[in-house]
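I'd like to ask some things about the structure below.
Residue numbering begins at 1 within each chain, and the chains themselves are lettered A, B, C and D in the order written.
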Amino acid sequence: MTAVSAESGDRAASEHAPGGASPLEADAERAWARIELSRHPDRPYALDLIGRCLEDFTELHGDRQGGDDPAVVIGLARLHARPVAVVANQKGRSLEERGRRNFGMAHPEGYRKAQRLLRLAGRLQLPVLSFIDIPGAYPGVAAEERGQAWAIAQTIEAQLTLPTPYVAVVIGEGGSGGALATFLADAVLVMEHAFLTVASPETAAAILYRDAGRKRHAAAALRLEAQNLVGWGIADEVVPEPRGGAHRDWDGAARLLRPRLVHHLERLIAQGVDAARRRERYRRIDGLATPEPDAGG
Amino acid sequence: MGPLVAQPVEAALTGRPHPITGAPAAARTAWTCPACAAAQPLAVAREQLFVCPTCAHHARIGARQRIEHLADPDSFAEWDADLAGRDRLAFVDTRPYAERLAEAQARHRMPDALLSGAAAIGGHRVGLAAFDFSFMGGSLSAAVGERLARAAERCATLRTPFVCVTTSGGARMQEGVFSLLQMAKSVAALHTLADAHMPFISILADPTMGGSIASFAALGDVIVAEPRATIGFTGARVIAQVTHERLPADFQTSEFHHARGLIDMVVDRRQLKGRVIGLLRVLAAPGGRAGTDASAA
Amino acid sequence: MTAVSAESGDRAASEHAPGGASPLEADAERAWARIELSRHPDRPYALDLIGRCLEDFTELHGDRQGGDDPAVVIGLARLHARPVAVVANQKGRSLEERGRRNFGMAHPEGYRKAQRLLRLAGRLQLPVLSFIDIPGAYPGVAAEERGQAWAIAQTIEAQLTLPTPYVAVVIGEGGSGGALATFLADAVLVMEHAFLTVASPETAAAILYRDAGRKRHAAAALRLEAQNLVGWGIADEVVPEPRGGAHRDWDGAARLLRPRLVHHLERLIAQGVDAARRRERYRRIDGLATPEPDAGG
Amino acid sequence: MGPLVAQPVEAALTGRPHPITGAPAAARTAWTCPACAAAQPLAVAREQLFVCPTCAHHARIGARQRIEHLADPDSFAEWDADLAGRDRLAFVDTRPYAERLAEAQARHRMPDALLSGAAAIGGHRVGLAAFDFSFMGGSLSAAVGERLARAAERCATLRTPFVCVTTSGGARMQEGVFSLLQMAKSVAALHTLADAHMPFISILADPTMGGSIASFAALGDVIVAEPRATIGFTGARVIAQVTHERLPADFQTSEFHHARGLIDMVVDRRQLKGRVIGLLRVLAAPGGRAGTDASAA
């Protein structure tokens, strides 16, 4: 992984510098190369990694309210003999599957399916593993009609009240509120070429530059490198991928991922977890100039 | 609350006179599929668990057969064998309920429509309950509700999963509001199980209607259904009569509810035991939840 | 209120007695007269009584998941200065309103709306008042498609985990699982001409006699008198109505109801309530021949 | 996450230069409705809370105006007046974010897009927060999230309800994942309020989009919206571009979400304070919850 230094140089000043090889352009190209890796058509998707990292996986279905969103997969499995509840964003590989799974973009039923899994885990005292790989929340009329925003908000709340240990790993794209819906774990891992972003680079470019074509610049400006999430205290660890990227060697990617899942799960179980501590973690997210130690009135 | 009238159980236990025709068991050496009329030697049909080898129709089977199929050999030890019901309302319709009940008890050698007990499934200790549809339509009497509640509570005490196979027309009209209140009683008892973090695996067989699906049967941590079972609150005939709506082709089948996120999996009876064992392997894994018990807040 | 003695006489024997004035026919007519009172088109509906018994009622809307069922009304109000959360079945009076409110029959969204109110009450520590007036769960394709049975079961569970005091009053029809969804309170009142039943008399007759026209006999056999619910330990109190029925004097009906609501609410608040005690109440519903004191294994 | 580009606030505060035209305040003696172009004397428009008397269009108003309208005179005491944001990513798009932010701070004399403080509404003590859409589109920066979180926590400590008026384009792109994580931070803080059983009244004004509606704003115990406000996760323009779907006429309006059970009530701004007082009369009733505190299990 090549770290991109965002502090170095005045990028705005160099933006319109003559010649194509300005530092900004180089930054943008490097940032975009990473995005393309995370979206590589041969990249292992959630079920590919679940099958390689977990045992006895049994898929469950549905939100118990009238919907079963194929873009979200839930189930029961074992990790290193330990029973776990699993929730994952699932992209499709074939044309048919991509359509059926809506390119991994959940509908409201998908978020409610995740909530159902979290409730199940709480009731049966099972730790939760989450695999995140979602381009973003789905931009569609039906999703809005059925309360997509409310469903995401309720899923955020459900994560912050889950009573059991919770490990999340971003395995590809971590797009916006859709990713956050299954991200708020006690331990957050990010695969080397995966990212978390407030909006897809295309959307960000449309907003920031009023030009979706400037997605490369948006990607650079948003500093989407996995390592930054660790530096900022948002993720716990970057999980390395096989040389060149996980798409080159699924088994190898799983061999690198599995021990880190085991490590964090066992660590959390040993230290004990409660939802209040998880809420405190997300309450304390940095980002302020002058963080005041006392938030009391 | 759905129909409760007993319908012929298509595959009766051997060794007793046929419940409908009264023909002695010895006379029945063949089994005819009620769906496609293909005939099989009885021994073959039994081996196939009364799933038609020709058309895969899943015939109704009795509670004892169900337990024989799911429980490991000689592992079943019945609970509450003498807990019988009572004609609480001195109910008479075209016949006194007391007569009907006594007759059913005598014919089926069961105190009511549910058998329950301790069992092992694939070596995993469980509480196991099974409805018998031939006993007054598997309807939810006070005795059935009490047996169900005690079984769930015993599982909580013994710290074993609870597996219940439901085939029930719903409430037992002749017990009036006492039948209705069994919906509450069963859910209250299931809460004890949830408090103990023990799983409830709810298996739905043809048919599961009315008050049964609208209470305990819908609250499985995992819900499994046999193929093409009729499942729903109000019977299709009543819906058609009242609303004059056209019913979808697969209306109220297992597959219909599975597609709508209400049932986790539809499993062929011949694979059922294996799938239950697969679930128990995760849900009853030794040291599983014990590990997370340390995490109590 | 005229009590009907169900124990007196062999009704089955007299059923086909010559002459129209057999005891059974008289029972049936009396039973039916009560049903008609409970369904009287001028009977006060939930909002009529809420407006007369409570202060500062503010209606809330929706299940927060994409639906707002007009057959179920929820809101906040004060009873005798005490803040309360309110849930009610609401019938329509005009032709338009009857259609809009689906004759008081909830869809799955209505049950989920009730669940939302219960969650709100738990979060804000508000006592809950429930007004029950529902002919039964809705027999329709869409209700089945969206998981009516599951919604009822989940609402039963939500009632049995509500952490605050809960008073329910049946003000008219209390039909089947639809009624049970908001019935399972710490104190249950029944208005004099209201009833709770396992199925509407029409449905029960269709099942019991295979003749919906025998609804009068079904009504008598089911022993739907409000007083019986108290005798059986299912309800706590019958609330008298103005002479001839509540439809003759809405203000009078409210004057009789309000102090009983206040009494039970204050009683529950004083004695303290918890959900475990409520579950115990419904766990211990009678209806058995030989209730065994020890349900343990 | 929805557009964040600042749009002109249609009704600016008086006493300061017009934020768009820069014209001195004295020059603006009339107010022209942006929907129907009807002109009103500024004094009349202000008295009408910038709701057009001709077409009832609800113009956007600033945070200070909002607080002036809702809070009792002289009751507002601001919290965290010096809690400002920081350019955590050294972000540059077409301009450096640090410049944009400094400019907005200077122009609006606000540290960021949210004001919060203690207030009284109709004599009820509350915590009151209001977004300002003219400040970078009311977007969810780390400073806004922190102010929101602190306000909710102070309400929990002070045991007062929390009232928040949201008008927000969603995430602030320039703060990247720090903005995204404010969704989690705000929900975590709201949980503190729920733990204290204190109500959160969420008021949605035009527009409430993206990360704001998909977190805190959707989790009000009661959700109130102004008429015809645009509310949704993804902006309509993006949906139309991506899916080529035809959008319903009232798509993403308050009324659209109200009909779908996602918003409790749509209230004209001129009645808003009265309705909030009505809710507080129940939710902040003295001795209300105090009475049920005795019921803790």
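Assume a contact is a pair of C-beta atoms (placed from the backbone, for glycine too) under 8 Å apart; a residue touches a chain by one contact, two chains touch by 3 or more.
Fair warning: this is a prediction, and the values are worked out from it, not measured in the lab.
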Message: Quick check for the class: compute each chain's Cα centroid; which one is farthest from the centroid of chain B?
response: D
Statement: More contacting C-beta pairs: A-B or B-C? The answer is B-C
Statement: Whole-angstrom distance, CA centroid of chain C to CA centroid of chain D, is 41
Field: Whole-Å gap between the CA centroids of chain A and chain D
entry: 29
Field: Where chain B touches two or more other chains at once, by residue number
entry: 218, 260-262
Task: Quick one: which residues in chain C touch 2 or more of the other chains?
output: 64-66, 145-147, 150, 154
Message: Which category does the touching pattern between chains fall into here: line, ring, star, complete, or other?
response: other
- prompt: What chain-chain pairs meet the touch criterion?
  reply: A-B, A-C, A-D, B-C, C-D
Statement: Seen from chain A, its contact residues with chain B in the complex are 56, 58-69, 76-78, 81-83, 109, 113, 120, 123-127, 163-165, 268-270, 272-276
- request: Under the touch definition given earlier, write down the residues of chain D that touch chain A in their complex.
  value: 1, 3-5, 79, 83-86, 88-96, 118, 141-143, 145-146, 149-150, 153-154, 157-158, 171, 173-185, 187-189, 191, 210-211, 213-219, 231-234, 238-239, 242-243, 245, 247-248, 251-252, 256-257, 260-262
- request: Would you tell me which residues of chain B are touching chain A in their complex?
  value: 194, 197-199, 218, 221-222, 258-265, 275, 278-279, 281-283, 285, 287-289, 291-297
Task: Please name which positions on chain A make contact with chain C in the complex.
output: 64-66, 108, 112, 145-147, 150-151, 154
Query: Contact residues on chain C for chain B in the complex?
result: 6-7, 10-12, 15, 137-141, 143-150, 152-154, 156-157, 160-161, 176-177, 180, 184, 196-199, 203-204, 206-209, 217-218, 221-223, 229, 232, 234, 279-280, 282-283, 285-290, 292, 295-297
